[in-house]
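So, here's a batch of structures to check.
The two complexes that follow have chain A in common; it is paired with chain B in the first and with chain C in the second.
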Partner chain A sequence: MMKAIKQVLGDNLRQYTMVLALVVLMLVFNVISGGRMMTSSNFQNLLSGNAYVLILALGMLMVIVIGQIDLSVGSVAGFSGMVMALVAKNLNVPWYVAVLIALAIGALVGAWNGFFLAKLGIPGFITTLGSMMMFRGGVIWISQSISVPAPEELRFFGAGYMPEWGPKFTGMNNSTLLLGLIGIAVFIFFESRKYKRSAALSAEKTPLWPVVARIILVSVIIGYFTWLFGSGREGTSFPIPGLILLILVIIYHTITERTRFGRHVYAVGGNKSAAALSGVNVSRTYFLTMMNMSMLAAVAGILFVGRSTAAGPSDGNSWEMDAIASVFIGGASVSGGVGTIRATMVGGMVMAVLNNGLMLMGVGADKTQVIKGLVLLLAVAFDVYNKKAGKESFIDKLLGGNKKEEK
Partner chain B sequence: MSQKPLILEMRGITKEFPGVRALDNVTLMVAEDSIHSICGENGAGKSTLMKVLSGVYPHGTYYGKIFFNRKEVKFRNIKESEQAGIAIIHQELTMIPELSITENIFMGNELTKKGMIDWHEERKRTVEILKKVGLSINPDTLIKHLGVGQQQLVEIAKALSKNVKLLILDEPTSALNEDDSANLLELMRDLKKRGITCIMISHKLNEIAAISDAVTVIRDGQTVESYDVIAGQVDEDKIIKSMVGRSIENRYPEHESKPGEVIFEVKDWCVEDPEVPGRLVCKNSTFNVRAGEIVGFAGLMGAGRTELMRSIFGHNYGVFKGGTMKIRGKEVTLKSVEDAIANGIAYVPEDRKNLGLNLLDSIRKTVVSADLKKITTGGLLDFDKELSASEEYRSALRIKCSNVNVGVNTLSGGNQQKVVLSKWMFTEPDLLILDEPTRGIDVGAKYEIYKLIHELAAQGKAVIMVSSELPELLGVVDRIYTIFEGTITGELMASEASQESLMKRMTETSGS
Partner chain C sequence: MQKRKVMAIIMATAMSVMCLAGCGGREGSTAPAAEAPAAEAPAAEAPAAEAPAAGGFEADATIGVSLPWLGTQNWKEAETMFTEQLEAKGFKPLVQAADNKVPQQQQQIESMIENGAKVIVVGPIDGTQLGSVLEKAKDAGVSVIGYDRLIENTDGVDGVVQFGSVRTGVMQGQALLDGLKANKGDGPYNVELFGGGPADPNAPNFFKGAMEVLQPEIDAGNIVIVSGQTDFTQCATEDWDNSKAQKRMDSLLAGNYSDKEIDGVLSPNDGIGRAIITACEDAGQPNPVVTGLDAENESVEWVWQGKQYCTVAKPTQDLVAKTIEIIESLQKGKGMPATSVTTNNGKIDVPIYELDPVVVTKDNAKEVFSDDPDRMALLK
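Take a look at the complex of A and B:
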């Protein structure tokens, strides 16, 4: 039983601990809330309502992997969003110009943070603590503490849906269906390529069935969520912010896993001196990582403004904390060098589901905060405990226990 | 030995670490009111012996007996040995730079009055103690504002404040300039007159010769000899002979070198210590390496070998102060490690765990890490190329591992070093700089690494090997430069060199 599962999921089952926790959370909340968790509208909401935090977590993962932290992301998101709204309203420029200006502001702030870290060697914690205060003050200053309405067009990015088209008999939004099918096709393509290559490399005949089992498992999951997102009321689909997030996840997964820059990020975080002696430009890596973070913060700010149709002076308050928590729940190491985009997304989803589920249960924001704090602490403690002892993972134990019972 | 009574007797000291016997039945007798020097190569066991004496290794973790002032002592920690009157001044200064002299001197022994620190009394006593070591500076001065020489004196003052009777100085002058060194030696003579016995560990034979009353030579964890001397009339050659006197067995593979053209030349290379402005760690270094040649750099720890190599490797260390570099006759300026790698230089650092490897990485990722461009196609890393490269080096270098995806932290020292070598061989360098490539590696793996070095030279690569193990250099390389205090002091063909002739150039003997 255990061996079969390992063949399907890969040797390192520990990485699925948090996935399992996520699934359990969803199911538990679904039962407690009387089935209101796993509904189309709830999941569409959950995704558009949390996309901005997950986008921040993408950049934060890289910042934490290089061994730094960025506290300014919430303020920067709020500031860029506010500038965008003000520019669009007062200067009468098209919405996309305003968006570009917001992104440019993100890049500039990132360069500022990166300069102090990379060139002057001031720790990111201090640099970005300064930026956090500066830009929080900046938002209130330029907005005079008043909300500013945002261009209508942005609503599409913040809370829009994909178009309806094609035949009705599918019973769901066909854009979502197409997305789901593409997802399954891509997964099958990569799995079969991997299988062919491993077969070509090793002399032993690798069995085909784990690959098939894996494909079926993933297809069922994608299929379920395609149905969940696509079968909502007329005019809804997989949300646009979710789509933007999905594209960014693919891009950043590729950057961290498949590019030289990504390797440099892990090298600098793992051992700065060894990286420098291997020809890695450490200060450039610091600079680009910080700059990238603030640009993503601007993206998050734009999406949030789009969703709420106005830029408010308190937008982005303590978003950095949610982003940092997502990264650490995803198993990244405080000392740097460890962490993945995939695990961070799972960590972010745990936070999102927790928020959403507690809200469905009618738990107030005060108690939600307490519970989120506890979950963060427990998740990290569990992770540290697991790694320290070199113990078998939670799943190993669970399934290992099952095996004994079978006997 | 001496007519004077013994202040310290260490009898039959044996100290074992897992797999190594660091000290084997060592005996040390130190007479009262004398300066006793301990000599030996790096790793001979001098520091271990002093750690046994000062209680760093508590009683019970070693065999043998220690008598101090004719009473047997069993120290369980440093505090106890300090109370008995033994103080150790380490090679690395151990004071806190951001605190004042007073605060450092009374660190851990603060004088208190009603639970509060009695600053007035502490300052008063500090001034008195500083006078004893010949310093007249404000006791509120922060340590970081003192020169290295003055810091050393404050360190000694701190020991004196504890009523020390036996002062151990471990390489006390290694970081000092000549004036400060002379000053320190004068202070030691002065302390002797005031009834404080000193044990000095040093590589500088001229200093030993100048002030010692007795000399003990330790080699491979054993006392070789111990005798009284008259300060100023010490036979330095005799000490050298006993320091290195071991036979070279057949621990090195046979090889025949065919040096080609000079492909790497360095002229008048000067580097300044980044921490201590004005102190040059490399002074006008000039050397060359031929294709297919293995060139050794012999020098004791702290001589500036590593600093020179890291400076050559794209100014990775220190402040570059001047000098030219030619690769294949063409002058080049390498401003970064990236440049150095692009110009065909590779550097295997001496500190494998802190500088050579990212211990979080797998073998597979480490092997390609210094030349990721080679496995990049269309902007993306090609995992197939990565895998085949790591598999290739795994089998070529016989790296023992279950597969290339395991973390490098799971490997033994020898296999880790092979992974580091693979990483640099993967960059296909013309010049390979190996800094202490066999440190902390067992004999079998050492042999394999020597063979690998020979193979690389046979392929026409120029190899620089830095080592403080002289037999290793004599057994492996073709030509040797000796380096002392940042200066290249000699150049010898390995076939004509002996351990004695090298050691003479690596230490500051008064004759040369």
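Take a look at the complex of A and C:
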């Protein structure tokens, strides 16, 4: 039994602990709320409402992997969103110019943070604490503490849906359907390529059935979510902020796992001196990671302003904390070098689903905060406990598996 | 051998597509079901015969109330009153507060729509930042009532219940003037001005109303703003944060009043008023005439003891009562009650249901709170 599961899901089952927790959370909330959790509109809300945190978490993961922290992301998100709204309103430029200016500001702030960290060697915590104050003050200063309405077009990015087209008989939004089919096709393509390669490499026969099982499992999951997102009210679909997030996740997954820069990020985070000795340009890696983080903060700020229809002086307050929590729930290591984009997204979704489910139950923000805090602490404690040498993982124990540990 | 593998992969593809088609097929039958609550609800009401006119809803419907936070007494009171009174009227109240975080409030309102609320009462954190969420409510056929603060920049709001905010400011300005004349002899008086949180659309209006009364006196030389800070942006208090107001007062006193006495301070609410009074005490200044707003317990005591000159009561029960009156009118299918006052919120003209606040000084405190046992207990 255990062996079969391992063949389907891969050897390292520990990474599925949080996925399991996420699934359990969704099901439990769905039962408690009387089926209000797993509905099209609720999942659309869930993604539109949390896309900004998840986008921040993408950049934050890389920052945490290099062993730093960025406290300024909330302020930077608020600042770039506010600049965008002000520029569009006062200078009468088209909305996309305003968006580009906001992104440029994100990049500039990132370069500023990166400069102090990489060139002057000031710890990221202090550098970004400074930026956090500067840009929190900055957003209040430039806005004079008054909210500024944003260009109408931005709503599409913050709260929009993909277009409706094609035949009606599918019974759902065809853009969403297409997206789901592409997702399944891509997964099958990669799985079959991987299988062919391993079959070509190994002398003994590799069994085909785990691949098929994996494909069926993932297809069912993608299919279910395609249906969930696509079958809502006419005119709704997989939301645009979700689509932007999805594209960014694919990009950053590829960067961290498949590129040289990605390997440098992990190398620097794991052991800075060793990385430097083996020819990694440490300060360049620091600089680019910080710059990237602030650009993503600008993206998050733009999406949030789009959803809110206005930029406010308190935008971005304590967003960095949500992003940092997502990364750590996703199993990243505080000392750097460990963590993946996928796990971070799962961590972020755990927080989002928790928040959403408690709201559906009518639990107040105060208690929600307490519960989220406990979950963060427990998730990290659980992870640390499991990583103590020789301990078998919870799932291994649950399934009565072997004691072999990966990594 | 190779052929079989290829076949298997093709099979897998076919199966997954079938699965997806299966989901699609299932969806065909569930889609109407998903729409059903929307379509069913009016259908179910009509034969129920209780609803006299089209557009009403069940007498035990869920009513959402989204409040900004519970950090000040008036919001905590609103939470309790809405819960109790909506329950008493037979509704299912869903009252939540958002910890002063806009994204949290957006998500709360969305989850209220998910919970099938027929009316959502919104006390916004930032009146301009709920546009797309409230339009979602509108699309779902939910009526939205703004509570205490104007909701701007959206056509998804049906009406706003609030105390006239410019009117409140006029009362504060007039009370300050009366207090100065009563306690500080003849002018000219040395005065400083404070405003509320700039993100709250009421705050500039309070200030504007007060200045309508004070500006002529400043021009005539009866009132001297020693610091020269008379713009709302100079006087505003970020987030209505008392500690920020206290810091500003500290520096105003240190910078301008080393050789002068301060006679009066315009304060937009009680918390800020107490912060100002504390700052004056710390600086060794004689107690100035300080205004307030909200009739918080501590300030009611201070007014009674003479430390704070006055507060303005915006009785939460009046606001809640008016809001529930509107909800009942909507429930019976009578729509929003008529009102002559509207305000343009940037998108539409929003009907405003204005209530009049009450100035409370030591002289009339017992009278104002005569039917409020909690506050009467403070007047000892």
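What to note about this one:
Throughout what follows, the second predicted complex is superposed on the first by the 398 of 407 C-alpha atoms of A that agree within 3 Å, B and C clash if a C-alpha of one lies under 4 Å from a C-alpha of the other, contacts with A are read in each partner's own complex, and residues count from 1 in each chain.
Methods note: a contact is a pair of C-beta atoms (placed from the backbone, for glycine too) under 8 Å apart; a residue touches a chain by one contact, two chains touch by 3 or more.
Everything numeric here is computed off the predicted structure, so don't read it as measured data.
In the three-chain model built by superposing on chain A, chain B fits alongside chain C with no clash. Of the two partners chain B and chain C, more residues of chain A are touched by C. By the touch criterion defined above, A:279 lies against chain B but remains apart from chain C after alignment on the C-alpha atoms of chain A.
Of the two partner chains, chain C is the only one touched by A:159; chain B is not. When the two complexes are overlaid on their common chain A, residue A:263 makes contact with chain B while staying clear of chain C. Using the contact criterion defined above for the overlaid structures, shared-chain residue A:374 touches neither chain B nor chain C, since it reaches no partner. When the two complexes are overlaid on their common chain A, residue A:188 makes contact with chain C while staying clear of chain B.
For the combined model, the angle formed at the CA centre of chain A by lines to the CA centres of chain B and chain C equals 120 degrees after rounding to the nearest 10.
Once chain A of one complex is fitted onto chain A of the other, the partner contacts of A:250 are absent, as it touches neither chain B nor chain C. Here's the short version: in the overlay, chain B gets within 21 Å of chain C at its closest Cα pair. Taken together, the chain B residues at the contact with chain A in this complex read 313, 316, 336-338, 340-341, 347, 349, 354-361, 365, 369-373, 376, 379-381, 384, 387, 423. Residues of chain A touching chain C in their complex: 36, 39-42, 45, 49, 52, 140, 144-147, 149, 155, 158-159, 170-172, 177, 180-181, 184, 188, 192, 195, 199, 208, 211-212, 215-216, 219-220, 223-224, 226-227, 230-233, 304, 306-310, 312-315, 317-318, 355-356, 359-360, 362, 364-366, 369. For chain A in complex with chain B, the touching residues are 197, 201, 254, 257-260, 263, 266-267, 270-271, 273-281, 337-338. Taken in their complex, chain C has these residues touching chain A: 5, 8-9, 11-13, 15-17, 19-20, 23-28, 30-31, 34-35, 69-70, 94-104, 106-108, 110-111, 113-115, 125-133, 139, 152-154, 197-199, 233, 236, 238-239, 346.
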